[in-house]
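Every chain is named by a letter (A, B and C) in the order it is written, and numbering of its residues begins at 1.
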């Protein structure tokens, strides 16, 4: 930095280099070399080896996830297969499986009694119910009549809605504990655009792999490369109780982490998996995961529906990727930064030298050459000594 | 940088430090200190305080979004609840609500007249219609007959398709203006993998929060932490007219921004929300959002469907997160950079000194020591002065 | 770095500058200027011009994708339109089109024979079948009976499931080769939050654009700004055979890349498209894309379903964006780094000078000033020469 003054008085082809004072002091030398050693070690070990600063890196890979659920479960007389419990069916990076259902059968567009918990829904006469009113937490528009609450003795305001209302007619199924053995196949392809490297077609062992994939289940230790995951394993890895999940539902993140050092053989570039529950938020009490959908039927020209409130596990497959490859530019930049940082040693050692070791001002006299405006006065202390 | 030449002639334990000229010139000193002050201020204020360069940062949090629509609306004799208008039902980070529907009832696989707007569809005799032809903008395959256009007087080519065609038989519903009061609950959990920090379970006040969440609506000023949003509020914040949205549909981005300084208490780590319409593109005239779906019925063994063209609002929940935490490595790097940058002062001041203040070449003589190849000639001007 | 010692012995308003030795040596000067030229060229050309280091950049734009499929295809007596083959219907950034279907008609909850390929499914007497057993690769729960395998002569264990089972009753449709002409309209809006720049409404030429969009198809050369893509074109660009895709299905990434230099006119900010197949993974043999869904019917109070295994193309629209704009902060930082890096020249040239050109130690004597603890000994070689 301080070295080149190409604009100044000297010839263009002259070489300028700073003048240096060499201090023959063992203490100072040891301190100087130690600090230098620390800085160089830090750069070699941390920056170059650990952080791989000689590599160009790519942290935003193009990723594609395909998921496929498998397994079947029996519920009384009914059997559930993936078509029934896995939604959406298209198999993207968010897939949910139903673990518990609450049915409201045979709803139709009609009028019926509002639920008694809704504000102002309890009534004794029609005058208690305002016609056309829509309560935000209610289920529909009031007709202005006060009617018996289904087969109970008390009365609530009548509303126009899908009847009967869910809260009254709901039928709760027991949870689908068998789902602990359901599996989800996760195929994640990844591509690093900067390096034009990704998953490559290759034909070897296709048969063996197919046979293996037909029966393997992922396990961090025994089967780390099997992409088929038992729901029970996922829940256990996320440290969640599966029975509890069956009741409240939950969102579990499946994190796929690709850390690829492209200076090595690409076959080292394998994913690692981790799992964590995602649907908890400190300031919100409602954990869990559920959604509602309906199956529609046309009966004698009239539309009816079965409303289903489905509690389940939603798997969010989240992919992280990092690839690094040797590149001259970051190598040069890191090297220059390393060499620049070595200059920090001089600041520290100069301070030590001038503060603690500078006996009789020998060092400061030789290091500093004072120049003032007046020419006579400009002989520095250092020069003065020499002439004595 | 210029300080260490460990490979050269001196002993390994010698300390090398540059020789410095001290210029006792008030003007230069003031300039020097001012530039230094500016550089140091920039680093302390901008880099350290504003940009928090002493922190390690994480900008790609793992995020999970769960959405749940609520509200009901009346359409003539029909009531719509979330199961009807919210799609997809699974509650991910993209959720849409239907605001206006165009029905084509009772379509079945049959032959009927093509729409008259389709190219070459108008005909007078069968010979005008090529059997088997499929027009890209048309609705199906031509049968080769020329038939009456439904109950009109003119004729068009007959096609094999779902009959009747949408353009002819469509029934337009008025928009669902009541949807302005629909709400969407957005639960966004976030986790910064680098710091292993995220939303944590805690039990306090769960009851109070639950009661609060039952009635609160998000408002930037009065309820900034309520995660329940009125559609009308969202549209207003995105500066869009809700009635207009009802007609054309639209995509609105809900941006959740977490800016977490983990050196403070984690409870400061709260989201802020912003809203902006997303479906506009300068070079494309078609703003808006609609999609088509169908409900299928089996009537006497024959499949019929009701085709629904649904205009609506799609909410794209987009999460940004930034977390920072003190870390020694970036602190050291920023400090070294700061100290290196101070060197810039010398370049500026050297230039000023040598160009403007260098009376009688006093400074340049003492700063520069010229050495040429020939030994005799190597006495520099500076040295020469001294011997005179 | 080595220049300022504000803590030391001199006055606060003194200016300190390193002393420099000027070497009048042509060889060294040429080397010095060449290295300097290389470093400066690197910074100006690579860092400033190519990498645009004077710009603040934003690489994580907010993006919104809306997709809409179009086209119709005939299958025997049946016509398929987008409602039938495009899923999900909501038009997000992942959209799939069905290319081949395998139907299992009229399934109902019942008991029937297990498929003979399932382990232990073949039987001769009831005692071969364990009641209540659920085989993971099977279709349901065994009833304990051994029954005839549909209209075949051999027997398998009876299971409770959706009957008949898919493997037995499946009806394979020929692939929908006509889908090669289906189109997908992709509207991608983008916004760079750091610069508050994005797609802007403008009204000019809306009519012309609309007419153009009605008939244009994207082509890299002839129609690079038409956002309507033929499936056949996409497959061809991804270098995949469409007929093969029809059979196995596949996932194709549509990469939209926005590279915006905001120092120029925003109208230069246009997307480029690229296409690549995504569903291949080196270590997994199962390429392709399929999913299962069902249509449910209620017949005389009993629920039946048509199970559909759909092979298709899934398009994953993946958006990359990069915007850069001039900003003083990165300009200053890059300039300082450039100037610091010039210091590297001195290290190289010092090494050359002291190793190869240092005849008679002229240069080293003048560059280095040795100081030892003992005062007398402190006369350096350089000073010694002067006194001779």
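Structure notes:
Here is the rule we go by: a contact is a pair of C-beta atoms (placed from the backbone, for glycine too) under 8 Å apart; a residue touches a chain by one contact, two chains touch by 3 or more.
Because the structure is predicted, anything quoted here is derived from the model rather than measured.
A rotation of 120 degrees, rounded to a multiple of 5, brings the CA atoms of chain B into register with those of chain C. Copies chain A and chain C of the same chain sequence form an interface built mainly from non-equivalent positions, shared numbers / all numbers used being under half.
The mean-CA centres of chain A and chain C are about 16 angstrom from one another, to the nearest whole unit.
Listed for chain C are residues 1-3, 5, 10, 14, 16-25, 88, 297, 339-340, 343-344, 346-347, 350, 366, 368-370, each touching two or more other chains. For chain B in complex with chain C, the touching residues are 1-3, 5, 7-10, 14, 16-26, 28-33, 36, 46, 59, 87-88, 94, 96, 109, 134, 136-141, 160-162, 251, 253, 255, 276, 278-287, 289, 291-294, 296-298, 305, 307, 314, 316, 318, 320, 339-347, 349-350, 353, 366-373, 375, 378, 380, 383. Of all residues in chain B, only 1-5, 10-25, 60, 62, 64, 66, 68, 71-72, 74, 77-79, 81-84, 88-92, 178, 181, 183, 187-189, 191, 193, 199-202, 206-207, 209-210, 213-214, 225, 227, 270, 295, 297, 299, 329, 336, 339-340, 343-344, 346-347, 350-351, 354-355, 359-364, 366, 368-370, 386 touch chain A in the complex they form.
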